[in-house]
Amino acid sequence: MTLPSPPPTTEPAMKIRVSGLKAWFGTHEVLKGIDLPIPAREVTAIIGPSGCGKSTFIRCLNRMHELVTGARSEGQVLLDDTDVYAPEVDPVLLRRRVGMVFQKPNPFPSMSIRENVLAGLRLTKRMGGRKPAEVCEKALRQAALWDEVKDKLDKPGTSLSGGQQQRLCIARTLAVDPEVVLMDEPCSALDPIATARIEDLLHDLRRDYTIIIVTHNLQQATRVSNRTGFFLQGELVEFDLTDKIFTSPQDRRTEDYITGKFG
Amino acid sequence: MSAPAPEVALPAVAARTRAQRASGPGERVIELGLAACSAVSIVVTVGIVLVLVFEAAEFFRAVPLTKFFGDTEWTPLFKDNQHFGIWPLVMGTLVTSAIAMAVALPFGLLAAIYLSEYAAPRTRRMLKPALELLAGVPTIVYGYFALTVLTPFLQQFIPGLAGGNMLSPGIVMGILIIPMVSSLAEDAIYAVPDSLREGALGLGAGKLPTILRVVVPSAWSGIAAAMTLAVSRAIGETMIVAIAAGNQAKFTTDPREPAETMTAYIVNISKGDIPNGTLEYRTIFAVGLVLFAMTLTMNLITYRLSRRLRAQSRA
Amino acid sequence: MKPGPPPIDISGRREGVWFERGFVWVCRVAIVLPLVTLVWLLGGVIARGLGRIDLGFLLDAPSQLDATTGGIWPALMGSLWLIVITAAVSLPVGVGAALYLEEYGKRTRLGTVVEIAIANLAGVPSIIYGMLGLGLFVRWMALGETVIAGALTLALLVLPVVIMSSREALRTVKDSLREAALGLGATRWQTTRHVVLPMAIPGILTGAILAISRAIGETAPLVVVGAVAFILYAPDGLDAEYTALPMQIFQWTSNPRREFLTNAAAGIVVLMFTLFLLNSIAILLRNRFQKRMY
């Protein structure tokens, strides 16, 4: 059930270009110089054994990494053509263009389902003239949650099941209209059925969004992504079309990993 | 970071304990002794209720509840024209407590937000104990301050502020309560999982909207518990109001006026020469019972709220 | 393709930045202002009272006539009597209760009820303890308005504090140590006595000192159980009349003759200095304790 990959001859436009990215927690160097171009409107999967720096990597892309005390980073991350680490860049504004879905669903417990979806726009004072009901319905439909919750929009977000909560978080992220969506193992806390729903969702979303998904589930990477990067101990070992990575990896370590020799 | 002590300490213990194996009945006696110590708390609780109810019952035999709760004059010491309406005392308590909360709540909450979300670790380590100092000053000292420093100071700006008034002790009580509010609220804010902060920041929200609209609402039950506990503390606070509030049982809401709180009334009767066993003397138990009921209510609400907080943070 | 507004300029200005800066300054003021008040209070008291303190102030009985002579000797001695007895009563009982709750009574019926009682007692106003002391010790046990009645009242008042801080200290002892001792065949009490208590003692003492500080500053319950406002002699036994330092300060503060306020200020300086000493000891103890932890 692999995807039809984009035609390999035409190089797609790049949404994000990462070069020489290093990251530390205190003195512990977690990323050791990553170079990675991320094409627009594709799903890019990041795989690798636990602790290799996958989360750190995508958290560097929307500058969430620096929120951890003692954490820092170095190198270049170009979003379109702006370096997101340039001194004049406001990371808060950056995160409106590069949204994030987390490993554990984290709906805001003090808010209803509706308020959760609208939270991004309200917290950033960007409701403008938009109609709350429309924004809410659109985002929930995009996240394939509308039919399940349309009759209980005023219930707390935390009253939903785990899979629904995660889709609510996706809806919340989509509602602010980002260009890039980062997903850090979004299905790891979910059961297979909920996982399948979110994977279906990704197929639809990549028409409009550039998606980077971290996953420890290799099948998931083959199912949802166009390209895959394999990380090992803070380095990018290999990056290529997903088909190629899983059928004819160039690096010995990639092969070992995808054949289950370690990790 | 390992634990070297067991290796050092335990052989000695083992030798001793092996020598004393036959201590069965002794064990039981000790356990009973310790249980008795802990039961003292129950005895004290029951004792408080019994003493208050017992003496207050004597009072209510002479003064019916309708007069106690249906009258707005409190003149138990007048030879003639005796009135036993509790409301002036309740009003004094409520007004001073409200002023205290109006001070302690904003200051305590802002301090909690600053300490938990903005202050650098070093600043926090310095400021937190400094704030705690405020709670360590005896209330008699605050009373002196309210009477001799704050009231004259405020009189410069507030015309008509009486020498004994509700405003000044109310403010000082608020200052005393700030650390209680701030440290409990800080605990509650601290208990909000980081994943919620990250969720909001990940949507492109600034730090302050994240704090005010996601973090603080999520900490609501803990913050509410801090508030109810603070109210209970303000209601029961005694020396500050006994010294600086003027000790006149007036039924008024004007904070510039003198008043008498329930606690101050009890102090004033106790330090005077009213003979034991008289009706006037028994008034303090009736007042004490009302005071106890009010603080108990607040404490029960606090207990409920903090249980909910604990249940939440476990989830 | 997704139609939509042009992308946000991430180098641009964001709403609310100035508001946040203003807010943080308001927060800083909210912390500093109460501390300034504290400095104002202490500074004022020292300025007014320090000059009044000399050997005579510490060692003489108070004078009702002349504010410039007399001192706090009976009050100092009264406070000393009170806290020694308070400590002697509340410490064993409080630590015993804490031991029961932490080492024996987890999940027993008694333990649960005691937990609730303590949580409730911690929130009871101190003046209510005074009324308990009046009903229980002064009247029912007929101890009268004596040192022992006052001290027992204070002991009940600080009991929840002692219990809670002792439990805190007992909880810092790792369960693995208890299990190791029990595994060696020690009984519950032997484990408690020889393994748990020695490790928790510094923490318990720190809490005890803080409880004592609380007792020293208490005034309201003493008024109710009949500490006298004016007395010329130090107590000479458990059944003596007594006053205490905060009582003496109260009496001077509420004296209509303003010149006695100087004496009140001087008394406050002595009281605050005592509390400062006690707290310094508690902090030293805690620091040594923490250094010994691994």
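First chain written, first letter: the chains are A, B and C, and each begins at residue 1.
Keep in mind that, in the parts below, a contact is a pair of C-beta atoms (placed from the backbone, for glycine too) under 8 Å apart; a residue touches a chain by one contact, two chains touch by 3 or more.
Keep in mind the model is a prediction, meaning the values are calculated, not measured.
With chains as nodes and touching pairs as edges, the resulting graph is complete, every pair of chains being joined. The chain pair with more C-beta contacts between its two chains, of A-B and A-C, is A-B. Centroid distances from chain A, each centroid being the mean of CA atoms, peak for C. Nearest to the overall CA centre, using the mean of each chain's CA atoms, is chain B. Between the Cα centres of chain B and chain C there is a gap of 14 Å.
A separation of 48 Å divides the Cα centre of chain A from that of chain B. Centre-to-centre, using mean CA coordinates, chain A is 53 Å away from chain C. Chain contacts: chain A has residues 92-94, 96-97, 124 touching two or more partner chains. Touching two or more other chains at once are residues 206-207, 209 of chain B. Residues of chain C found to touch two or more other chains are 14-16. Put simply, chain A touches chain C in their complex at residues 79-80, 82, 84, 86, 88-90, 92-94, 96-97, 124-125, 177, 179, 207-209.
Within the complex formed with chain A, the residues of chain C that make contact are 1-2, 4-5, 7-12, 14-16. Against chain B, in their complex, chain C makes its touches with residues 14-17, 19-20, 23-24, 26-28, 30-31, 33-35, 37-38, 40-41, 44-45, 92-97, 99-101, 103-105, 110-111, 113-114, 117-121, 123-132, 134-136, 139, 156, 159-160, 163, 174, 176-177, 180-181, 184-191, 194-195, 199, 213, 216-220, 223-224, 226, 229, 246, 249-250, 253-254, 261, 264-265, 268, 271-272, 275, 279, 294. Within the complex, the chain B residues that touch chain A are 121, 193, 195-196, 198-207, 209-210, 213-214, 217-218, 220, 312. Put simply, chain B touches chain C in their complex at residues 1-6, 9-10, 13-14, 16-18, 20-21, 23, 26-27, 30-31, 33-42, 44-45, 47-48, 50-52, 54-55, 106-107, 110-111, 113-115, 118, 127, 130-131, 133-134, 136-145, 147-149, 175, 178, 206-209, 229, 232-233, 235-239, 242-243, 263, 266-267, 270-271, 276, 284-285, 288, 291-292, 295-296, 298-299, 302-303.
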